[in-house]
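First chain written, first letter: the chains are A, B, C and D, and each begins at residue 1.
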Amino acid sequence: MLKIGKYELSSRLLLGTGKYENTDIQKQAVEASASEVLTFAVRRTSLEDGAKDAFEGIDLNKFKLLPNTAGAKTAAEAVRTAKLAYAAGLCDMVKVEVIGCDRTLLPDPIETLKASEQLLDEGFTVLVYTSDDVVLARKLQELGVHAVMPAASPIGSGLGIINPYNLQQIVEQATVPIIVDAGLGSPADAAYAMELGADGVLMNSAVAKAGNPVLMAEAMKEAVEAGRKGFLAGRIEKVQYAQPSSPVEGVSPHS
Amino acid sequence: MLKIGKYELSSRLLLGTGKYENTDIQKQAVEASASEVLTFAVRRTSLEDGAKDAFEGIDLNKFKLLPNTAGAKTAAEAVRTAKLAYAAGLCDMVKVEVIGCDRTLLPDPIETLKASEQLLDEGFTVLVYTSDDVVLARKLQELGVHAVMPAASPIGSGLGIINPYNLQQIVEQATVPIIVDAGLGSPADAAYAMELGADGVLMNSAVAKAGNPVLMAEAMKEAVEAGRKGFLAGRIEKVQYAQPSSPVEGVSPHS
Amino acid sequence: MLKIGKYELSSRLLLGTGKYENTDIQKQAVEASASEVLTFAVRRTSLEDGAKDAFEGIDLNKFKLLPNTAGAKTAAEAVRTAKLAYAAGLCDMVKVEVIGCDRTLLPDPIETLKASEQLLDEGFTVLVYTSDDVVLARKLQELGVHAVMPAASPIGSGLGIINPYNLQQIVEQATVPIIVDAGLGSPADAAYAMELGADGVLMNSAVAKAGNPVLMAEAMKEAVEAGRKGFLAGRIEKVQYAQPSSPVEGVSPHS
Amino acid sequence: MLKIGKYELSSRLLLGTGKYENTDIQKQAVEASASEVLTFAVRRTSLEDGAKDAFEGIDLNKFKLLPNTAGAKTAAEAVRTAKLAYAAGLCDMVKVEVIGCDRTLLPDPIETLKASEQLLDEGFTVLVYTSDDVVLARKLQELGVHAVMPAASPIGSGLGIINPYNLQQIVEQATVPIIVDAGLGSPADAAYAMELGADGVLMNSAVAKAGNPVLMAEAMKEAVEAGRKGFLAGRIEKVQYAQPSSPVEGVSPHS
């Protein structure tokens, strides 16, 4: 069970929306993923219409909608966007996303901190997209955010977990859920994130832009579960020298 | 469906035996893995007793037993071992394993080729453990072996797929199933092998020596399925520059 | 020529002090490195004695001394330490180092920014140790620091450049010198940093704790030069498929 | 001093020829590299003219020419090519290169072994291009070849050392010089090969196809020397947790 603030989730896979070829494929992928949290960009979605178009065909009673502040470049913009989402009656959760670099879409650490602080003051349940800076992640959790979401690599890049060292440090020092967000490209990436001890992953492009998004959604669901179990089961250590996989030391009746 | 010679398998996970703490845990792990093929070292196992002790509690009618020639350092030894296994009435399948290096347990390419050729002549269904040498893998399949089993890294090392380039080349030139054998350490490794297009994976230490072998077996089963689906679904390309995961180009009603 | 603030340097290798077995080896290593800038921890060095003991045998007229604020955990401590160094008449350069994590010695982004801002206001020439957070590096240079010093990996770890992607982004967006600081372990690491476009590297443990620090200092000097030339010369692109290194398309007189 | 058979070399950088934009640049790059051994494809070069055109402007008394058998796909072809080179009076050295894969230009292990055996019987000084298969490398040296030349990655790819594990194993078991051949792309790659304990490197595309081949040749020369010194000096171990680079344990007069 993944607990983010007051919300309890069975699935550790959060899914982005808005990049699918059409809403029918999106609907099927959402189902295949078994995800319970759907993110979307507030600026992109017509909130007046109850986000109707963006989530066409999806039974919104079955999901938590997680509005994100994509498009914001300052804390002020992010806060304003979050409030719009809240006013539309969607959810009190918000994913803080303040972009600091147009090329890489990597986050702005200072504005991200500020936005998180203000939204916590306003009573939001705050999930926050951040770089994999180890100390910044800790500062965010000290601030009281409800989940820290470090980037594996730039949004949409599919480069996977470039720096497993930092991710592991963040996880080991975590007091709130760590959700790996951005950059994951394949089921192996998702499993790896979970094996490193992440509490969940958020994916969008890796599913939505796959050759077969519905099948990929299913693959991601299984990979997250496999990685989680692998983490709990405890993997073997890496060693430089081989151990016979089929031990031959024993007495053989034929030799 | 994985087809190796005349055998058809639903599961793409082959499991080694003989490294578990006890046969009870082995039995549970085998079940959790849903594997249909169990490998074992002929030299280690008392064949006279119908391998009874080694597979205690496992219903041998439900599995294909894949004897391997672990311990052999020459083609002659490997062939002799394979014949012993066959004489014991186990199966006509054999995994050729001729070790050429005591430190790394990496295979001897020349003796491996020779053993494979002779066992094919004798009518065996031959699966062959090899290094990730691209041309050697092709020569083995040209010889007529029924599956090529390249090492991801040394047996028991848990180092994962050190050279994905070679594995990918082997897969792209394959005309027989490619089963990644040796070195995989975690569910992410298993998923990655499958995403690169492998037809299956064989694991032993990664499961048997995990903190919780039964849970790890289940994780590996799911990871292999996730990786296979990821391969079939078609992952996104890796790109250097980020794409907005939540596109914000569209007209926003609020800005 | 590397230009940091008003200082011009021929060597792109900055060297740490204080970890050598003795001051004689330190002296020889410093000479072998051809470095022109020597860093040292203010808190460790007796400033009253003109840092005499710490730099025994080294002609201090030939080097720029770069005091660092190692040991500081807040901006206030870092500023105080920098002022102590300046008061001792050493140099107006300071390397800001504010540690935010005792385990990894990774820097505190917020306190680092604050300390840099205050020391710039005081007229210091500020070089600043930072994580490889792309946006933070840019914010530091926008503040006016004279050099940005991203960590390749944790101080003293020898893990090399874990995230070349971030380093490359920092370099491509740089308007001030980028000096890779911390984590480099070998000449190849130093060369790689320079090939990615870094303007220089700072090393301490990798030289001081090497088996033969003097020979390693010489190796690092050459590696930095080799990497710089490699960067300027322009490396070949990485390609998935091979090109014949010895072209054989041409007409052969013998075939 | 690098000793290959009866030849003693001061430089550990072997340089390929025949891929430069023109012979003038080739001449300058050769000089800048300080290489003493130049390789060339026999099939490409007009041997009747004393290889005059191919090496225009280069004083052939100052270099050892190392003909390679590029273009050969069988042992027989390689042997024939080697004999042609010898008949032309160039040198008794030959680099055996038998390609087994048109896409990757990776070598054929079986034909490579055969060709090496025959050329040793004929009295050649044999350097042999091979994959990084650990056991095959050992078999080649047991055969008596004078140098083993494992590929870092496919010829001309610039992918660098994909599998440092295998290279390290080859080096640790070596009784003849190990020259890393093929795939190196940058000075850092060259330094890394040497740090792993290689006795030398052979480069062609990485120099000839660089933006500035002459400057890159100089960079490679320095990188090989730096890497060699790094190997001899003994690098620090990689550790997961940081050590203070500037120790602060000491008593500080000011705190």
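Note that a residue touches a chain if its C-beta (ideal position, glycine included) is under 8 Å from a C-beta of that chain, and two chains touch if they have at least 3 such contacts.
In UniProt terms the chains read A, B, C, D = Thiazole synthase.
The model shown is predicted, which means the values in this text are computed figures rather than measured ones.
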item: Minimal step count in the chain contact network, chain A (Thiazole synthase) to chain C (Thiazole synthase); value: 1
item: Cα-centroid distance, chain A (Thiazole synthase) relative to chain B (Thiazole synthase), in whole angstrom; value: 32
item: For chain B (Thiazole synthase) paired with chain C (Thiazole synthase), centre-to-centre distance based on mean C-alpha positions, whole Å; value: 45
item: Interchain centroid distance [CA atoms averaged], chain B (Thiazole synthase)/chain D (Thiazole synthase), Å; value: 34
item: Two or more partner chains touched - positions in chain D (Thiazole synthase); value: 103-104, 106, 154, 159, 165, 240
item: Category of the chain touch graph - line, ring, star, complete, other; value: ring
item: Contacting chain pairs - touch in the sense defined above; value: A-B, A-C, B-D, C-D
item: Chain A (Thiazole synthase) residues touching chain B (Thiazole synthase) - in the complex, by the definition given at the top; value: 16, 18-19, 39-44, 46-48, 68, 70-71, 84, 97, 103-106, 154-160, 182, 185-192, 195, 204-206, 209-213, 215-216, 218-223, 225-230, 232-248, 250, 252-255
item: Residues of chain C (Thiazole synthase) touching chain A (Thiazole synthase) in the complex; value: 100-101, 103-104, 106-110, 113, 131, 133-136, 138-139, 153-154, 159, 162-163, 165-166, 169, 173
